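The following blocks contain the structures, represented as structure tokens.
Look at the two complexes coming up: chain A is in both, with chain B in one and chain C in the other.
Showing the complex of A and B:
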């Protein structure tokens, strides 16, 4: 208690020095939480966007299908089992047929995935109804802005599309780009062209077949195998993506460590200087009868108290800023790409209790540690040397 | 070994390493101090006054021989026990005052009592009493930086005396004071010596201090060359019990 009281007095008595430390530390606290919250917000919104736009309530995958291996697409199609067909007929799922192909805009060849989707679906927010428009003599096609940019394609363009059918025979036809959609999800845009599923089934000679079947959000399906298909919930479907995100976490971890180090360096520097400057004071404290443990405790607590004070100060000015950014978000204009992930144009940072309290705990631990490290030399200091301002 | 003497040194030697050899600061010191003494260790710089004071104050260990303070052998005390001895029975007064700069006068004087874990009310009473002894009751809120040299030394005296220690060790207490302040401070210490019966031991070569001593121990090259009672020309008529 005496040590705490003395540390408290010293912190308050140090005046400007304390407040400068507190200012630097509180800045470090807020910046760390803010940056990490921003990153968490981006990740969460990316995952939410993928669920909303692509996975909805889960997907049936053909047993040969591997999302990350386009070479499996040739085999990954099959007849839909009656029980899955019933879900589709009830309007709770949509079949999607996917194959590899190419388009030839402006005489260039661009390899891509051709995806067939029902035009009257409302399960994923793909504007597939536009596929009912256009020239009735041409297959209507829908692409995203990324695909349009890559191929310099505009709405209304008629381009040649080529594919291989179920028998391995190459075939081609002209398609009309009836709409260019603006989506934040590259996974339904980049390197893809959407056409009506019946047109693709006919072109591929795969009547009634699908590659994946997306289930309506909120519709319950039992996990398991359904003929050639098996069902997975969105959480399972996102596993790979979450793993990829974890890989990107290393960058953010480095940022986190760098920012923390800045704050800790400030307090370490201050403590080092303070210990150096206050050697005589320590000698005096020993002469007055303070034990070495008490002196180490007092100086360590001083650092910890400054840390605690900076948490309070950081909360006072940081919380309103974080709350404001959390509710209004950050507008990023046309920035949409983030290593293949969806980055929303407005990012809403997420400040979870784990993030806030975890950061407080980690920083407080290290602040206390860096406060202790320079002071522990006092343990070896002779009182007479300390009183003369010597180190040993 | 129990002994009635408050402080006793036997064949005390202190050596400091210097380069590859040693500098002998104290040689064969055999001294005894009683309760209530007002004694000075006198001698030129480097004669060993401060070293002897530090050993008596359990701030340093002897290289050879023994120093007993209140029947505890200083060199045998653990760090904790030495701190306890200083905390409970010793008061220090330094040439440079060594006040804690972030504390005000009241807090500086209160500090030793905090270490003794005395209750707030008792602490307050004792601090105000000590500040009355040194005439600084009007400066309780002042920080050391706002005090004159004489006032700072008076605060240091109040801090040393507040717990009414059995032994007060003063190392050149008047070295940074002018003549008037020196006499004021010394008169104050004489009064406290009389009132509290604390043993005062000074390390000094200041003639003004020497005038007040009742016993003068002269050191030269680490040896006691003279140990005599003083005729105090009326400045300190004695209080030894």
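Showing the complex of A and C:
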């Protein structure tokens, strides 16, 4: 109890030195929690966006299809089985046919994926109805803003598109860009062009075929194989993406270490100085009957108390900021790219209890540790030397 | 008077005979015959070549690649890059429809180039891997029709239209300007199924190899892009070379 009381009095007595440490530590606390919450929010919104925009209630994939290997696309098409066709006919799913090709805007070749979609669908929020517009002599095409920027393409442009049919024979025609959509999901935008599925089927000589079939959100399909296709729920479809996101955690770990190091360094410096400058005080305490362990405990506790104080201060000024960004969101303007992931223009950070209390626990542990490390030497200190201001 | 009659008969007979000869010659020069003649010239049963490919990009820069190649029949080919230094030692082996690429140390790796990758541009040129490896006989894939006779680069040429008679060919139709004496397609246009012009090939220079003529300098141009095309020059060719079979194995790439 004496140790605690003494440590508390010393912390308060140190005045400005304590408050400077507390300020740095609280800043580290708030920034770590805010950044991590922001990152969690981005990830969650990206996953939600992909489900809404791309996966909906799940997808049937052709047995040869691999989303992350475009080279499989040539073989990834097949006839739709009657039971899946029935789901499509009932309006609960849409077939999408995908192949590789190239466009030539301004005489520059850009390789891309050509995707065929039904024009009258409402299962994914793709403005495919616009594919019913345009010059009837040209194939109407829809692209996203990323693709438009990459190819310097504008709405109304007529560009040449080239592909190979099912037999490998080249074919090419002019397509009209009837709309440029603004979407947060690069997975339906970057490096791809959308045209009516019937036009693509005819061009590819693949009548009635598809690469994937997207099911309406909320429509139940039994997981399993359906002819050449197999069904997967969105959770399963997102597995690879979640793994990729986890891989990117390293970046945030580095941020975490850097930020916490700032606060820990302040504590460590204070303790190191204390050990050198307060040797006479230590000798005095020993002379008054305190054991070496009690002295080490007092000094360690002083550091830990500064940490606790910084948690309180961080809550006081950080909680309102976090709450405000959580409710109003953090606006990014037109920034939408995130290494292949969707980053919404307004990000709503997510602060889970695990995040807040986990951060407090980890930082407190390290604060206590760096408070203890410099004062270990006190164990070997003789009271007479300490009173003279010397080390034993 | 009788003499005049005889002279008239003789002239008429001569004219009929001349016209008959001409007709039979024109009949001889069918599309099929032209394709056969081109194949006889261009198709290499076995050969070793050294060539320089120069790519002219949109910004006017030139990139040159030197290579040595060995050919055996229609579907066996090996190419080794000699220049530039970063490409030196890279080898490509084609056996039937398969293509493998070997990259030397430090990667020391063999990768399979298949499907869509075969259609990718070769080192940024107007040629695809497929185009580079092509040595098949036209007569096996196309029906040809002679549509006229034109001068091209001061050479008299048959104008021939080719239409694919198989479904698995890259170009549905082609148009060729074939030298009437040397039986080489001095100019060739390759079309998509829709009729859109995709590529143009011009033979700028030819060489005589024993009893056949062979392209020495060619220019390829992707007609959909704005690049300045790709030039391909055969620096050296030997058609009497003996090539051991083991050269055309994956093991020999390393």
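Here is the rule we go by: the second predicted complex is superposed on the first by the 392 of 392 C-alpha atoms of A that agree within 3 Å, B and C clash if a C-alpha of one lies under 4 Å from a C-alpha of the other, contacts with A are read in each partner's own complex, and residues count from 1 in each chain.
Here is the rule we use: a residue touches a chain if its C-beta (ideal position, glycine included) is under 8 Å from a C-beta of that chain, and two chains touch if they have at least 3 such contacts.
Here the structure is a predicted model, which is why all the values come from computation and not from measurement.
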{"item": "First, second, both or neither for A:10, with chain B first and chain C second", "value": "first"}
{"item": "A:153 touches, of chain B and chain C: first, second, both or neither?", "value": "neither"}
{"item": "Which superposed partner A:241 touches (first chain B, second chain C, both, neither)", "value": "neither"}
{"item": "First, second, both or neither for A:195, with chain B first and chain C second", "value": "neither"}
{"item": "First, second, both or neither for A:383, with chain B first and chain C second", "value": "first"}
{"item": "Partner chain(s) touched by A:104 [first = chain B, second = chain C, both, neither]", "value": "second"}
{"item": "First, second, both or neither for A:73, with chain B first and chain C second", "value": "second"}
{"item": "Contacts of A:360 with chain B and chain C, given as first, second, both or neither", "value": "neither"}
{"item": "Chain A positions touched by chain B in one structure and by chain C in the second", "value": "none"}
{"item": "Of all residues in chain C, those that touch chain A in their complex", "value": "58, 114-117, 119-121, 164, 167-172, 190, 192-194, 196, 198, 222, 224-227"}
{"item": "Partner chain B, residues of chain A touching it in the complex", "value": "2, 5-6, 9-10, 12-15, 280-281, 283-284, 286-294, 382-384, 387"}
{"item": "Complex interface listing, chain B residues touching chain A", "value": "54, 57, 59-60, 79-80, 83-88, 90, 92, 94, 96, 98, 100-103, 107, 111-112, 114-115, 117, 159"}
{"item": "Touching residues (chain side chain A, partner chain C) in the complex", "value": "70-71, 73-75, 100, 104, 106-109, 111, 160, 162, 164-165, 167-173"}
